[in-house]
Each structure stands twice: as C-alpha cells, then as structure tokens.
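Dropping the structures in below, format is structure tokens.
You will see two complexes here that share chain A, one where it goes with chain B and one where it goes with chain C.
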Partner chain A sequence: MEELREYAKELLEKKEVAAVIGYTQVSENRTKPIIITDPADASKLVFNEYCLNNLSVYLTKARINAMCRTKDKIMKLAICAKPCDVHSIVALIQENQVHRNDIVIISFNCHGAVKDFGYEFSGENLASKCITCETHKPLYFDKIFGEEKETPKASDAALARIEELESMTHEERFEYFNNEFDKCIKCYACRAVCPLCYCQRCITDKAIPRWIESSSHQRGNFSWNIVRAFHLSARCTGCGECDRACPMDIPLSLINRRMAMEAKKSFSYVSGRSLETPTLVGSFNEKDSDELFM
Partner chain B sequence: MKIGVFICHCGENISRTVDCPRVARVCESYPGVEYAIDYKYMCSDPGQNMIRDAIREKGLDAIVVGSCSPHMHERTFRNAAVSAGINPFLVEIANLREHCSWVHDDVEAATQKAIELVRMAIEKVKRDKPLSKINVPVTKRVLVIGGGIAGIQAALDTANAGYEVVLVEKEPSIGGHMSQLSETFPTLDCSQCILTPRMVEVYQHPKIKLLTYSEVVKIEGFIGNFKATIKKKARHINEELCSGCGLCITKCPTKKKAYNSFEEDLAFRPAVYIPFPQAVPNIPVIDESVCMYYKNGKCGMCVKVCDRGAIDFDQKDTMLVADIGAIIVATGFKLYNIDKKAADSKYKGYGEYGYGKYRDVIDGLQFERIASASGPTAGEIKRPSDGKVPKKIVFIQCVGSRDDSKGISYCSKICCMYTAKHAMLYKHKVHDGEAYIFYMDIRAGGKMYEEFVRRAIEEDDVKYIRGRVSRIYEENGKYIVKGEDTIAGMPVEIDADLVVLATAMIPQENSAALARTIGIPYDKYGFFNEAHPKLRPVESTTAGVFLAGACQSPRDIPESVAMASAAACKATILLSSDTLEREPVVAKVNEDLCAGCFYCKKVCPFGAIEVKDVKDMNGIVYKEVAYINQGVCQGCGTCTATCLSKSIELAGFNNEEIFAEIAAL
Partner chain C sequence: MNFKMDEKIISKEDLLKICQDVIAKGHTLLTPGMNEYFPVKDISQINLNSSALPAKTSYKSYVFPRSEPVLYYKRSKDDVQLIDVNVDGKNIIILGAKPCDTNSISIMRHLFNWDYSDEFFNLREKHFIIIGLMCSHYDEYCFCTSVGSSPVSDKGSDIFLIPLDENNFALRIITEKGKEFIEPYAEYLKPGDETRSKQVTENVKLPEVVFDSKEVYEWLGENFESPKWEGIGNLCLSCAQCAFVCPVCHCFDIVDEDYSYSEGRRMKNWDGCQFGNFTLHASGHNPRDIQSKRYRQRVNHKFRYYVDKFGEILCTGCGRCSRGCPVSIDIKEIVSNCKESV
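On to the complex of A and B.
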C-alpha cells in the first residue's frame, strides 16, 4: 500500500501525470473512486478486495481529459486498474479512445474481489467474474503492486444460469427476459458505468429519428436492453459493472457473457486481451464461419 | 410541399396484378400529395412528358414514381424531373414491379402492397434534401494489370487513344497463355505469329510504360485518382545495360536445374533465363532459388561472359508509385491443377485419371507445347515418357468443369474447341494416328466454331464418344482408358499412348487477394464480378476499375480481345473529361458526435475514411474523428450501419428518411 502511495506521489510531484485515478477507503469493506491531483493526497490511495469500481470508465470522460490538457501539451493520466480492468483499457485503446502512451497503468496482482459492498471477502461472496478469472496478473501495466495470493474457490452460478436459459424454449426465454427488462426504469446506470459506452451521444438520446423509445414501458425497455447487448457483443470485457450498478437487479451481464461465449466459440475471440489482435467487430477473415449469417 | 405521384403500368407487367388506377386514386388523398396519375408506359416519351407537364403546371416540389426497379429507370425519371426544374434527389421510386407485381398473384393484396410501397416513398420524399453532384479531378493514366492478350489489347487501345498506360505483368515477359499456344481455333493460324507483333508494339509504344516481373501490391484512392504501388521484383539483370544477347543463358552451368514453366514443365531451363525466345522484353531473369551464386557465393559465370556488365546480384525489389485514373484488370486464368501439386482444398482433383502419376497423362496446355513448333519437341507429336510418337490419343473434355462433385459447376467454354483443334493438329501430323474424344456435349457456339468441329469429325476422322471416363491405368506402356459410350449404351476401353485432359479454367492464383487489394468483388471461384452481367460486362462494381478477359470468367481469345477493347474504351471515356461528376450519395460524419472509435474505417471497403484531428484553441489535438473522403465514398452505407452512435449519415438515405419510410408502413 505504501509503495503504491509513494509511486503515485512521485508521479504527481514530478509532473509526469496530471492526475491519478484510484481507490480510497470510505469505511470498512467499502471503497470509492478518487481522482488525485495533489501529491499530498496520494496517502489516501488504497488497494484491496473491496476496490470494485472499474475506473477505466473515467478515461473517456471529457472533464478528466480536460484536466490533462495544458497550454502546450497533453499530460498523461495514471490509473489504478485491476487485471480485469486492464482488459477494458485494452479495448479502449483498440477503439482509439485512449492512447497507450497517454496513460500510466498501475496494476496489481489480484486474487479476486467481493461481489458488492457490504459483504465480507470470501469464496461465497466472490464476484461472479472472479470465479472464472484467468488473469490474476495484468496483461499490460507500467507498474505492478501486491503479492500473488490464491483466489478462493466458488462455483460458477452464472454459467449454470446461462445453461438453464439455453435449455428453455424460445418463448420461455423471451418471457424470461421480457419480465427482467420490464423492471428497467431507464436510469441508464448500466450505460454510465460501462467503460465501453463512451459515445458522445448515445443512440438512445437521439430524437431525430427516435431509435429507442425513451419511456420505460415494455417496448422501449426491450429495445434499449437488446441494443445495449448488441453494441457490446464481442466488445464487452466482462467487468460486470452493469450488473452491480443496476438498481433493479436485471442480470445484464448474463447477456453480455452469453454474447462473449459466442464470440469465443465462433471466432476464438475474447475482447480486451491483446493489443495486437484486431477487434472482432470491423475485422474480416475469409476463414470466418458463415454460420452466424442470417 | 407539393408531391406528384406517377404510377406506371409497365405495359401489363405491373397492371396485371396491381390495380394501378386505384393506387393513384388512393395516393392522391395522402397529405402532401398534390397530383397522382397512372399511365401505361411512364418511361416512354409521352410518359415523361406527363411528369414534366405536371411538375410545371401543378408546381410540384418532389415526385414519386411507382414503376420498375430504380436500377432500370431511376435515372430516366430523375432526368425528366431535372428538365422540369426539380432536383434529381427529390425523385423517389417505389418498385412496384420486381418488389410487387412480379412476385404476387393476388390482385387485391398486391394492390394493397403497392399502395403501401408508394406511401413509404411519399414519406421519404417529404424528407429528402436536394443534393448536388460532386466534382473530382481525373488523372489521365491507365493501369493495366496483366500482360496476356487481353492486357496487351487494352494497353494498345488505350495508348492509341492518346493516354498513358502502365502495363504490369508478373512474369518476366508479356504474352500470357496465348504465347504458349500452338495454333488457334477456328482458323488454325499460328498463335505466336499473330501475337508477337503486338507484344513488340507494346514494348515500343511511347505511351506505354511496361513493367514486367512486377506486381501490384497496393491500390489506394478512387475513380480518377488512384494511387498504385507496384513491386518491381529484382531481375538481377540491369535492364538498361542488357542487350539481350543471351550469352549468360548459354553459359550458365545450371543447364537443367529448373522446370521450364513456359513449357508447362515438359522441359528444363537454367538459373538465368528468358521464358521463350520471342519474350518481350528480351531481358533475362536470374532465378535465385536455382542460381549457384546465391547458393554458395561462387560461380558468377554470367558476370564473366557479360561484356555489358549487366549482371547485378545485389539488385533488390523496388517499389514504384504511380498516379492512375482508371484500372483495367486482365489477370487471366490458370488450369485446374489435377493432382500435380497439392490441389486447392475447394477442388477434389482427378486421382482416377492418374495425372501427375503417369507422364503421358497431360493437360491441354502441355499438349499445346508438344504441338508447338517452338515447343520442347519442335512441333513433333511425341509423348513425354519415352519420346515415341503416339498412335492413339484419348482426349477427355470437361475434366473439372461442369462437375459439382469436383468443385466446379461452370463450363470452361474453350475446351470443346481446343480439344477439336488438338485432335485435328494431331491428325495433321500423325496421319495414321487415331484420336478419340470423350465429351459430355459439344458446345461450339461462335462464328465458324461448329463448322470447325464438323471438320474434325468429317474430314479428319476424329472419333467422338459421348460419355465419361471412369478410370485410366497403365498396362504394358499403354494407358487403358475405361469409359462409357452413352449413345451406344456400352462400356468402352481404349488402349491409348497418350491422354490429354481438357482441364477447367480457374482464376489465377491469389485472384481473391488481388481483388481485395484493388477493392473489387469476386465470385466463389475467384473470378472477378462484373457490375451487370448483360449491360455492364466489362465494368467492376468499383467505379473506375474495368475487367477484360478470363479473369472475369472463362473466355476465348476473340472474347478476351473484344472485352479488352471494350474496357479500354470505357477507361478512355472516363479519362476524356478533366473532372468527374460523382453521385452525391455519400456518407458524412457528424464530427460533434463522432466518438472516434474508427470501426467505420475498419469496415469501409473503399478506404474512404481517414482520421481527422480536432484541435482546441491552443492548437492541441484533443479528439480524433472520422472523416469521409467524398471522392472515394461509394455510398454503400456500411459505415452508417456500423457506427454505434449513429453519427454517420448517408446522403439521400439518411436515418430520418429511412425511419419515415418504415414508419409509414
């Protein structure tokens, strides 16, 4: 922890970065994001199993980018990122939202995080994404902290749920999602926390033409959630922030994960894992399977 | 806004299943529609006059025509509207023929559908914006890819029209497959004799820049403004210095090191070679894979004998960049390679015929070389294995072609003719020989073609057997050909001395990769697609790229030459004006909303999308957005569909217009 704080302090003091985006403790078992520009504040930084937020969402925010712009150059930004958050950063780099050279990735050896604030870290309370996680060490980083530790074991309930949904008939599945989406209050928290929902103006906010009905009745809800799933297919890195942010507990990441499984099965592609692999969306390979053509 | 609706009967094509007067009547009552009428032939002169008069008299602002596909007559109706003072992009076509009358029987339902289709067009035209044509400059130079007969003809015609030509050929000499042929059907004139003068003409033409042993590696830009990157492979011979004396070739100690591909591997060549004596340019190439100097750094015999000092072992591949206005693709074909080398996984090959296993089972091009006066046997018909004169030859047509189970369903078109020619040439040279031809049908459509085949049968006693061959095997120096005669209804067995397979014509290797480099579509076999099979046979769908010869589908020489002249004509039409008018149906990015993810750039098939920097007031780039070059954009709409935030609009088909169309349904 001290090393992290020292490093952040040094970055700020030497003016290598305009700001450090990280986590700070608010109470026991609870952290919140913090954006530090004053080296003296570096002591507030923490990293532990309760650092849930995927901070990469801030990288594309206009106000944060404005902080980096000085009169004659653009300063770097340092960001604390769990190995899984690095996947999001990779996806953002590939989609030209962030340049690798403009950021300093501070990452950690990770052994999992708790599923939500208010829980004690244990196998039982492990976040869903951590159960199947294969990247306990970040794939890309500029600085790494923390010791390697064993991740608690837990069963993959989400996969079981997906398999259960797969076994349903079309009608049953439609019914299930219709009921789930029916709960949606169109607060767009899922969009706000998603690092890959960086559009300057989301398609839902467009009025001419109105692509998606804005009122939160069944039709508008369905189209919003389906459009969201489609826009994220083969792009979503599976950080699960949408699930955590949804006040109505709609299992959004189930759809995202199912789409990611499809990308992996049909194209051997997993989003956000490599800066060298071209993004699945927008790349064409003669050998691609034709099965998904409708 | 005052809209006019014009419903065409298309003779009876539409009115047979659509109640046209009713469609007009119903549409007249829609908001915004000032005038509606139906007529038997809207595209005819009186029909167009009806449109013009109505525009003037009723003061119409926009029109909807319910007629055939916009592919047919959109331009006709737009022109009519323009002559009456309406912007052409305020004309919408509702396709009542292909989308309605032709595909339905029920008059009531079809009429209802027609009304809906017209209503959709009305809603769209209400939101249409006037657009004006885009002008782009034109570079007056043509790139011809491929130096076979088609490329040669295209280059000569274009150059004779006064335009500069860059002719790129991947082999060391131009001439292509035609230079390998012995004599040509249906006149039996010597192929070399009619071809070589043209090759020389190309070489000496002041307007043609000939780049042999070169390949096009990149095409950028757009119609009138292409930029071609051409790789000139190292010949290891200085072209400026070489006099073509050929001493290096005769002195090269690697006499028979490599198969001579011009002789279809029936002969050998040394490391330094020219493909054939009449090659143009008459400048050798050193084959690095065979040359002893590249193997062990020794030898250098060619350097010693070359008194011009033209040998340059250190020569490297060079890249040339040329500005180009139009491209003519004439890359030709190759033969279906039946087992000799690893066959393309798409094709199954003919293991049962023993090609590649028996030296005397050969393909059509190999027979051409054997029959050619300049070939490895100096024109004497001798079989490859022991050099004996074959007394019995079996020719088999449709090997590969017209056989779905082997991967190719098309007809290679030239085989019926050249097989008849082969049999004839054989009979002319070996009087006591017997020639058998196994065929499926004889396809001899073409001037003097049928007569030619009859001559083979009647005058030269070539025996045609209708049926397929199931197997060929060797027995005591003979090749037993087992097949069936479907007319006699009995099995046939012939003990042949030589078997010639008329194998399918397939596209050149890497034709698909070249198509992607240029940005033109191709079919499942790798043949390049024409823009319209009947009305635009020598144009690709990419503006400014034309097709000639067998790269588009199997073609014989007269057809290839005709296509080449047509393509040259199309290219010169393009180059004849200083600027080009482009349809304004192009995509445009809303830079305020563009998130700069550049998925559009990745999917654009025309390379029309660039990265544009947006700077703040201090001149620092703070955002990158997509920028669409209007000259390059072809209006395909792929970017529009890909853009996640819908920040790209296609002029004439913007989201609002399409939405209105759908909402009207």
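On to the complex of A and C.
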C-alpha cells in the first residue's frame, strides 16, 4: 500500500499525470472512488478486496479529460485498475475512446473481490466474475503492486443459472426475463457505471424519433434492457458493475455473459483481451460464421 | 386535527389475524422486504422486525407510480378526443413502515397540491393506511435525527407499533383514519401501558445528529459557487438511483406514447435531476450542463428550496441514496461537512 501511495505521489509531484483515479477506504468493508490531484492526498489511496468500482468508466468523461489539458501541455491520467478493469481499458483503447499513451495504468496482482459492500471477503462472498477469472495478473500495465495470492474457491452459480435458462423453452425464458425487467425503474445506473456505455447521447435519450419508450412499463423496460444487451454484445468485458449498481437486483450480467459466451463460441473472440486485435463488431472477415444470421 | 392519541396492546398473533382479514377483504397489504414493500399474499410473509435494514425502495411507487397514463387520446381528421383515466381508489394498508418512510407522503403532499392539485396522488393517498413500526436499525448511512425525525417518531403514521416483547406490541392510534381502521378489531386490543412502551422507546439507540439543518440551509444560500460541487460532480456518474430509491423525490416527465397514427396515451414517468437531459431545452441550451451543477441542485432542492417553498426538508434521513450509490457518494457526509474547506 505504501509503495502505491509513494508512486502516485511521485507521479503527481513530477507532474507526469494530472490526476490519479483510485480507491479510498470509507469504512471497514467499503471503499469509494477518489480523484487525486494534490500529491498530499496520495496517502488516501488503498487497494484491497473491497475495491469494487471499475474506475475505467471515468476515462471517457469530458470533465476528467479536461483536467489533463493545461495551458502548455496535455498531461496523462493515472488510473488504478484491477486486472479485470484493464480489460475494460483495453476495450476502450480498441474502440478509440482512450489512447494508450494518455494513461498510466496502475494495476495489481488480484486474488478476487467481494461481491458487494457490507460482506466479508471469503469464497462464499466472492464476486461472481472472480470465480471464473483467469487474469489474476493484468494483461497490460505501467506499474504493478501487490503479491500473488490464491483466489478462494467458489462454485459458479451464474453459469448454472445460464444453463438452466438455456434448458427452458423460448416462452419460459421470455417470461423469466420479462419478470426480471419488470422490476426495472429506469434509473439507468447500469448505463452510468458501464465503462463501455460511453455514448455522448444514448439511444434511449433520443426523442425524435423515440426508439425506446421512456416509460418503465413492460414494453419500455424490455426494449431498454434488450437494446443495451445488444449494444454490449462482444463488447462487455464482464466487470459486473451493472449487476452491482442495479437497485432492483436485476441479473443483468447473465445476459451479458451469455452474449460473451456466444462471441467466444462463434468467433473465438473475448472482449478487451488484446490491443493488437480489432474489435469483433468493428471488423469483418469473410470466413466468419453465418450461423448467427437469421 | 385535534385527535387524542390512544395506546393499546396487541399480540403478534392477533395483529396477524387482522392482516389475514385485511387480505381476505381484498385490500392490498404492503410490508417491507429486503428490496421493496411488497403486497402480502400470505401472512407467513410478514416479518415485523424493527431492526431490519430499510427496504431498498420505499412505498412511494404506490402513491406516485414510476410510470402511469394520465390520459388517452384519439385523433381524427379534424378533432382530438381526450379520454380520462380512472384511478382506482383501492385501500392500501402499509404494515411495518419505517419512521423514515412514514412521513414521506406528507412531505410530498405539498408539491402535489401546490399550483395544481394532483387528483391521482390525492385519491391514492386518501386510501392509504400507514401502520408504522418503531425502528431499531442503525447504520453508518442513517441520519433521520438530523432532519427532524427519529426512529421512534410516529409522525405520518395512522397507527404506530412499538415492540414490547417477542409477542406483543404497543399499538398507538394516531389519527382518525387509524381509529376507523382499527375499530372493527377492538376485540383484539388490550388496555395500553404507556410506561412500558416509553421504556422501550427510551432505550432505542438514536442515530447521532450529524448536522444542523438550519446551518446547512444558510451555507447553501451562501455557497452556490463553492468549489465543493466540482469535486462531487467529478465522481457522480449521473444515474438516478438516488432519486428513484428516495422516498420523497418526486420529479416526473410527461411524454406521449402513440400506439398508432390515431391513438395514444400521455404518460407521467419518474425523472431524475441527475440526468444530463433533465434540464435540456429544445433550443439545445442546458442550464445545468455539467454534473456539478446537477448535484448542487439535488442538495439545494432538498435542504433549501423545498424549505423555502413548503417549510419542510425534502429528506427523511433514510440513507437509501447513499447506501445504494454505485460510487459511494454519501449525502450525509456532504451535508455535514459542508463547512469544511475543500
């Protein structure tokens, strides 16, 4: 932890970065995002199993980028990112929303995070994405901290749920999701926390013509949640922030994960893993499978 | 209202018998669960636990639905026909409401009866019977005592329950409406013992008073341009989780939904002041164009503008907005530290 703070302090003091986006402790089992510009505040940084936020969501915010533009130069932005958050950063770079040279990625050897604030870190309370995680070491980073540790073991309940949904008939599955989406209050917290929902103007905010009804009745809710799932297909990196942010506990990541499974199966593509490959939706290969076309 | 409060004792078993009867009569009985106040189908679902965490959402949606039609329309060549909506005035009994929820309706009432009397809100409210339950939950987000309420406050309840022991409650009849509701069940009520209930309420651990709302009011008036707003605005991600889980946030949007060229309906939908397009004008101008201005609006509306207009703070201190905030912005912390330098 001290090394992290020292490093952040140095970056700020040497004016290599305009700000460090990181985590700070709120209470025993809870952290929150912090944007540090004063080197003296670097002592507030922490990294532990309770760092749940995917901070890469801040990278595309105009107000954060504005901090980097000083009179005579454009400064970099340092970001604390878990290995899984690095996937989101990679996806943002692939989609030309962030330049690799504009950011300093401070990452960690990760052995999992807790599923939500208020829980004690253990196998039982492990976040769903950590159960199947294969990148305990970040794929890209400028600086890495933390020791390598064993991730607690847990069973993959989400996959079991997906398989269960797969075994249902169309009608049953439709009913299941309709009931889940029925709970949606359209607070758009899922969109707000998603690093890949960076559109300046979301399709659901377009009023002429109105593609998605703003009412949170069944039709409006279904169209919003399905459109979001489509827009994230083969793009979602599975950070699970939408699940955590949803005040109504709609299992949004089930859909996103299912779509990611499809991208992997049909196109051998996993989002946010390589800076060298183009995005799946942004590239065309005549050898691509046609099976998904109706 | 000059109604004299009356206190009785009721056993849990008898209370559940009343619930059973309420359901049998076809009324809606709501009770708090983990996530929301839900309609009880079977009395085994009722858990009158005063130490439970407040449900993630309040029962606001039962008086002010998240989405509802306000009129239907039919268009013909040279005429538009408007068709009214019939609001059902179904009795809704809310059992076990937290004191931080019970006064929410009376706070919202000002707005819905200000320049226009909202018949939908009023009709639904008229059919509400609120049975509050003393609260013994206390976490880092609770601050009801700082906004003039308390875990033992019966304000806003028609009937208020205080758990005396595992099987008995003190039952306070607070309003005429509460009296009318409980009268048919007089056989279940035993004479009250105010010294016993007082003993219980006095032993409840009260959330610490963390700010003086008058001082906050003053500070907000003088610090519209404070650099604090920018810091919060940088972190806030502009969702409306805080507004939608809030028991008293009441902003809404009116939109027309066409079914076809000739038919459609006008909807009233929840809206939130943290959305970028909340104040976007048709011209393209946006008076609250950046997040810091939007967050400033939220705090000012709750602790200053609403006080100016209606004499009450637009906050019950339930802490839901902070408990659920994806980036852990804590309104209690912001308000109580407002005077500290940046």
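Simple rule for what comes next: the second predicted complex is superposed on the first by the 294 of 294 C-alpha atoms of A that agree within 3 Å, B and C clash if a C-alpha of one lies under 4 Å from a C-alpha of the other, contacts with A are read in each partner's own complex, and residues count from 1 in each chain.
One rule holds in what follows: contacts are C-beta pairs under 8 Å (C-beta built on N, C-alpha and C of every residue); 3 or more make two chains touch, one makes a residue touch a chain.
Model, not experiment: these values are computed from the prediction.
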Combined model on chain A: chain C and chain B, fit or clash: fit
Which of chain B and chain C A:53 touches, first, second, both or neither: second
Which of chain B and chain C A:215 touches, first, second, both or neither: second
Larger contact residue set on chain A - chain B or chain C: C
Partner chain in contact with A:144 - chain B first, chain C second, else both or neither: neither
First, second, both or neither for A:71, with chain B first and chain C second: first
Which of chain B and chain C A:1 touches, first, second, both or neither: neither
Touched partner set for A:160, first chain B, second chain C, both or neither: neither
First, second, both or neither for A:231, with chain B first and chain C second: first
Distance of closest approach, chain C and chain B, by C-alpha atoms in Å: 6
Shared contact residues on chain A - chain B and chain C: none
Residue numbers on chain B that touch chain A, as the complex places them: 512, 592-599, 602-603, 616, 618, 620-622, 624, 642, 644-647, 655-656, 659-660
Sites on chain A touched by chain C in the complex: 26-27, 30-35, 53, 57, 61, 63-64, 117, 185-189, 191-193, 205, 210, 213-217, 220, 241, 244-245, 247-249
Residues on chain A engaged by chain B in the complex (per definition of touch): 65, 69, 71-74, 95-97, 198-203, 206, 208-209, 211, 231, 278-279, 281-283, 286
Residues on chain C engaged by chain A in the complex (per definition of touch): 35-36, 56-57, 66-67, 140, 231, 233-235, 237-241, 243-245, 253, 255, 257, 267, 269-270, 272, 275, 277, 290-291, 324, 326-330
